[in-house]
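These are the structures in question, set out in turn.
Consider the two complexes below, in which chain A is the common component and chain B and chain C are the respective partners.
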Partner chain A sequence: MIRPRPTTLFIYGLVITILAFISRRFEQLLILAVINAPVGIVLGFRKYSVIIGLFLVGLIGLFVNALIFSNVGTPVIEFYGLVVREGVLTAFINVTLRLLSILGATLVFVTQVNARDLIKSLECELGLPKTIAFATAVGLRMLSILERDLREVQLVRAERGFRKYPITPSDIGSFLRPLLSLGLERALWVGIAAELRGFSQRVSRRVGIKITYVDLIIYALLITQVFIVLIS
Partner chain B sequence: MSLSRRYTALDITYLAVVAAIAGVIFALTWNIYFIGSAVGGPIVARVISYGLWFIGAPLAATLIRKPGSAFLGEFLGALVETLIPTYGAFTNLVYGFAQGLASELAYALFRYRKYGVSQASLSGALAGFPCVALDALLFGEVYTAEVMVFITIAAVVSGAIYGSIAALAVKSVRR
Partner chain C sequence: MVRRAGYRLGKTVIEDIKFSLSEGELLLIVGSSGSGKTTLLLAMTGVLNNLLNGFVDGYVDLFGINPLTPEGFTKVPKVVGVVLQDPEKQISMPTPADEVVFTLENLGFKEVESLVLNALKRVGLEGKAATPTEYLSGGEKKRLCIAASIVHDPKLVIFDEPTANLDPWGVSEVIKYINDLRSEGRAVIVIEHKARYFTKFSDKFLLISNGRQVMYLEGRDSLKNYLSMVKSLEDYGVDVYEPKLVRTSENVLCREVVLEVRDLWFRYLPGKNYVLRGVNLSLCSGDVGVIVGPNGAGKTTLLKVIAGFYRPEKGSIRLLGRDVMKVKKFINGREVFYVPQEPDYMFIHSRVLDELKVGIGSLDEVLGGEVWIKDLLDESPYRLSHGQRRWLAYTIAKLYNPKVILFDEPTAGLDLTLLKRYVGWVKEVTSQGKTVLIATHDVRLLHELATRTFIIEDGHLREVGVVEAIKYLEDPLRWSDD
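So, the complex of A and B:
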C-alpha cells in the first residue's frame, strides 16, 4: 500500500489546525470536524486511546467552564434548578468541534508518520535548517534515555522521603538539575562526535518532492476544506 | 555571523537536550493542568501549569546564550511534544512557535548581552501573552473578557516563576 509522504501529512495537520483556530462559525467548524475526526479516531483508536480518553474527560471540564462563564441567552434546559442557556451550548459545541478537528488531523498524522522519517523528509523536501533537524533527531533519540533518568530520579527521591511526582516549583527545580546534568554530559560527547565527523561542513541535500496519488488526494482534500471554510 | 553567535555542533546537541527535557515536561504538564483544573478551576490550573509550558525558552537561552536559542528551545520542545504526541496535538506547535518568539523578545530587549535569572523570568512572563491570545482563539467562546484578564495574569506570573527556576537550575548545573 502506498503511504502518503510525511511532509504531506505534516502540512495537512498544520493547515487544519490553523483553520480550526481561525474558524468562528458553527458551519465551518462542523465541516472540519466531520471530515477529520472520524478518520483520525478510527486510525488512532487502538494506539492512542489514552489521548481520545483524555479528550472525552476534557469535554466535561469544557462544559463546566462554559456553564460558569458563558451561561447567557435564552434558557434551553432546566435540570434540578440549574438553567442551561443557549450560550453554554453554542460555546461548548463550537469549541468541541474545533478540538475534534485538531485531534482528528493529529491522529491521522501520528498514526501514519514515523518521527525520524518526518525530520528527514522536512529537511530534504522543505529545507528545514540542519540546526532544527539535527537537534530534533538527537532530542527524539534522547527521549528514552531521559525517561530512564527520570525514573531513577523518582526512585532516589522516594528513597530519601521526598515526593515522587513534582508538585511545587522547588520540586521541579530538583527534578530539572539532575536531568540537565546527565543530559549535558551526554550532549557534550554527542556534539564532539558530530563535529569530528564534519557536522559544520555538512550541507543539507534538497530533493524534489515525489508526489504519489495518495498525496494528491490529501492535498485535494486539504484545498477543498480551505475553500469551504473560507467561502462559507 | 561572528563565531560567538554561530551555532556549533555542541550548541545544537545542548538544544537537543533542552528539546527532549522540555518535550517531556510539556507532556507531563497536561496531567498537572487537568488535576489543577479539576481541583481549582481554570485560573489555578494556569498558575500551576502554564509556566511549565514556557520553560523551554529560558532553559535553552540560559544554557546556550546565543540569539535565537530561546525561540529554538521552546519551539523544538513543542515539536518533540507534538511528535510524542500529547493531548494538545498540533496546537502544541502553534503555541510553541508563538511562545518562542515572545520569549526571544526578552533577550532581544537586552541586545543578547544578558542571560541572567531576571531575563529568564521576563522570558517566561512574555510567553504568557501569545499563549493567552491563542487560548482566546481556541476557547474564546467559553471564557469571558474578564476571565481572560485573570488568565493572562496567571499565565504571566506562572511564566515568570518557572522561568527563574529554569535559569537557576541551569546556573547550578553549569557552575
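So, the complex of A and C:
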C-alpha cells in the first residue's frame, strides 16, 4: 500500500490545527471534527490509546473551565444547587470539537509517519530547519516511551492510594511532574547524543515534492475542508 | 588536561584532571556516583561549554582537534564515537537501520547501505534492522547504540557506564565489543564504577573522587599489581574485586510464611505467550528473596503480579495466609509495596517533605541517620541526585509499613558506597520482620542479602542455592578470564 508522504500529513495536520483554532462557529467545528476525529481515532486506537485517554480526561478539566469562565445565559440544568447555563455547554462543545479535530489530524500524522522519513521530508521537501525537523521526529519516538512512563506512574499511584486517573488540577500536576522530569532529561541527552553524532554538520539538500495519488486525495480532502470552513 | 570545569561559572565540578591516550589503548575511568565522571566526558568532548553553557578551563586535543572551540566541536563526531549510559536517552530513530543511517547522514556519507548492514551485523542486529526500537531488549538497545556510534569508523570511542542495566549476557557482549574495538587499534575510554569488568583489558586507569584526579596509572602491569594490592579503591565507591562463591547473609528461621505464590500463570493478552508459567514461591518474615534471570525472563512481571498490578490467569497469591486474589482490586501499598527501577515514577508531591508525610513516625525517626536530607526537605524530589532519589523512594516504601517490599533492580547504576547503604537499609527493614523480594542482575546482592535465591528463565521460577545463583550470573562473564 502506498503511504502518504510525511510532508503531506504534516501540512494536513498543521492546516487542520489552524482551521480548528480560527473556526468560531459550531457548524464549522462540527465538520472538522466529524471528518478528522473518527479517522484518527480508528488509526490510533491501539497504538496511542493513552493519548485518547488523556484527551478524555482533559474533557473534565475543560468542563470545569467552562463552568468557571462561561457560565452565562439561560439556565439549562441545576445540579445540587449549581446552575449550569447555556454558555457552559456552548463553550464546552466548541472547545471539545476543536480539540477533537486536532486530535484526529494528529493521530493520522503520528500513526502514518516514520521519524527518519519525517526528518528528511521536512528538511528536504519543505526546507524546514533541521532542528525543528529533528525535534518533531524525536517527539514521535518519545510518544511510545511516554506511554510506558504513564502506565508506570499510574500503577505506583494506585499502590500509594492516589487516583490512577487524574481528575483534579492537583492530580494532573502530580501526573505531569514525573513525565516532564523524565521527558526533559531524555530530551537533553538525546540532543547531546545527536550532536555527538554530527547533527550540527547535517546538510539538507532541497528536493521537489513527489506527489502520489494518496497525497492528492489528502490534499483534496484538506482543500474541501478549507472551503467548507471559509464559506460556511 | 582539564584544569577546571563545571556547569555554572564559579561552581567547579571537576578539577586538575590530566591523561593521555593513544590508538589501541583502553583507558578505564572509575569513581563513585557523582564523582564527576560524566562531567569529564562532557568536558573532553566539548559538550559542556559548547552545548550546556558550562565552562572548561584547560586544554583538550582529540587527534588534532580542540573540541573546546566552537569550530573544533563540530569536528568531534568525525573522530569520536560516544555511547551513553542509557540507550533510551540516545536512540532517536524508530528502527535500528534508521538509527545507524542517522549518524552517516549527519556526517555526509553518500553510500550508506553497506556500512549500515556491516555495523548492524557486527553487533548481531542485522536480523532486526527494521524492528521498532521499542521492541528491542536492553542489551540489543545498547548494541544498537554501539553500532550507531562506530559506524563511521571513529578513532576514539567513549563508553559511559556501558554495563549499566544489562544482564550478565549483555555485559559479556558489551565487554567483547569494547575489547574488539581496542584490538582493532582504536582508542577506547570506558567510564564505569564496576571496574572489575574492564581491569583485565585496561592499559590506563584513572580514579576520580569529588571531581579530582586521585590516581592515574599507565601500563597494564602496574595496573594489575595495584589492583591486587590495594583494597582502598572500595573506599572510593569502585567495585574492583571478583565475587566469591560464598554468602555472607544468614538463613532466616521461618516463624511465619508471609508470602506464598502457587502455580501462577500470567500473560499480558489472551492468545499471547505466557510470561509466567506455573510460578511457585514462598517467603517468610525477615526473608530477603533474590530473583535473578535474563532480561525478559519475567522478573518485573512477577513482582508486578504479586503487587496486584496485574491479575494472573491461574494460581494463587496468599499474604499471611489470606488469598489476595479474592480481593476484587488488590493494589495496596500497605500490604505489598512495589518500588520501580526508576525512582521518578514514585513521586507524587512537589516537595520532599510532603513525600515523607505518609503516616508513621516523626520526621526524625523517618530520616534516621540521613541528615543530608534535612537541607533538602523543601526541594522538589526531581532536583535530588539519582542516589538521593532512590533513597527517597525506599523511604516512601518503608513509610507505608508494608508486610512485603518488592524491589525492581534496586542497585542499577549504584556505586559500591550507595550499594552498601542499600544493603544496610534492607537489613534494617528485615530485622523489623518485613519481607523483601528483589529482582536483580547484581551479584553483590546475592552475597550480602539473599536468604532465598531464585532463578527465572522464560517464565519458569526455580529455587536454588546462593552459590548456584552466583555462578549463574558469573558464568557468562567467565570467558573474559581465559
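Just so we're on the same page, the second predicted complex is superposed on the first by the 157 of 232 C-alpha atoms of A that agree within 3 Å, B and C clash if a C-alpha of one lies under 4 Å from a C-alpha of the other, contacts with A are read in each partner's own complex, and residues count from 1 in each chain.
Just so it is clear, a residue touches a chain if its C-beta (ideal position, glycine included) is under 8 Å from a C-beta of that chain, and two chains touch if they have at least 3 such contacts.
The model shown is predicted, which means the values in this text are computed figures rather than measured ones.
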item	value
If touched residues of chain A are counted for chain B and for chain C, the larger one	B
First (chain B), second (chain C), both or neither touched by A:Phe199	both
First, second, both or neither for A:Ile172, with chain B first and chain C second	first
Touched partner set for A:Phe55, first chain B, second chain C, both or neither	first
Contacts of A:Ser181 with chain B and chain C, given as first, second, both or neither	both
Touching partner for A:Phe21 - first (chain B), second (chain C), both, neither	first
Which superposed partner A:Ala158 touches (first chain B, second chain C, both, neither)	second
Touching partner for A:Thr136 - first (chain B), second (chain C), both, neither	first
First (chain B), second (chain C), both or neither touched by A:Val190	both
Which of chain B and chain C A:Phe45 touches, first, second, both or neither	neither
Residues of chain A that lie at the interface with chain B and also at the interface with chain C	115, 134, 137-138, 140, 173, 177, 181, 186, 188, 190-192, 194-195, 199-200
Chain A residues within the chain B interface of the complex	13-14, 16-18, 21-22, 48, 51, 54-55, 57-58, 61-62, 65-66, 68-70, 90-92, 94-95, 98-99, 102-103, 105-107, 109-110, 115, 118, 131-132, 134-140, 142-143, 146-147, 150, 169, 172-173, 176-177, 179-181, 183-184, 186-188, 190-192, 194-195, 199-200
Residue ranges of chain A touching chain C (in the complex, touch as defined)	114-116, 134, 137-138, 140-141, 144-145, 149, 152-153, 155-162, 173-174, 177-178, 181-182, 185-186, 188-203
Residue ranges of chain B touching chain A (in the complex, touch as defined)	7-17, 19-21, 23-24, 30, 34, 37-38, 41-42, 52, 59, 63, 72, 75-76, 79-80, 82-87, 89-91, 93-94, 134, 137-139, 141-144, 147, 161-162, 165-166, 168-170, 172-173
Chain A-facing residues of chain C, complex	42, 45, 47, 51-52, 73-74, 76-78, 80, 82, 84, 86, 88-95, 98, 101-103, 105-108, 133-134, 148-149, 152, 304, 307-309, 331-333, 336-338, 340, 342, 344-350, 380, 382, 396, 400
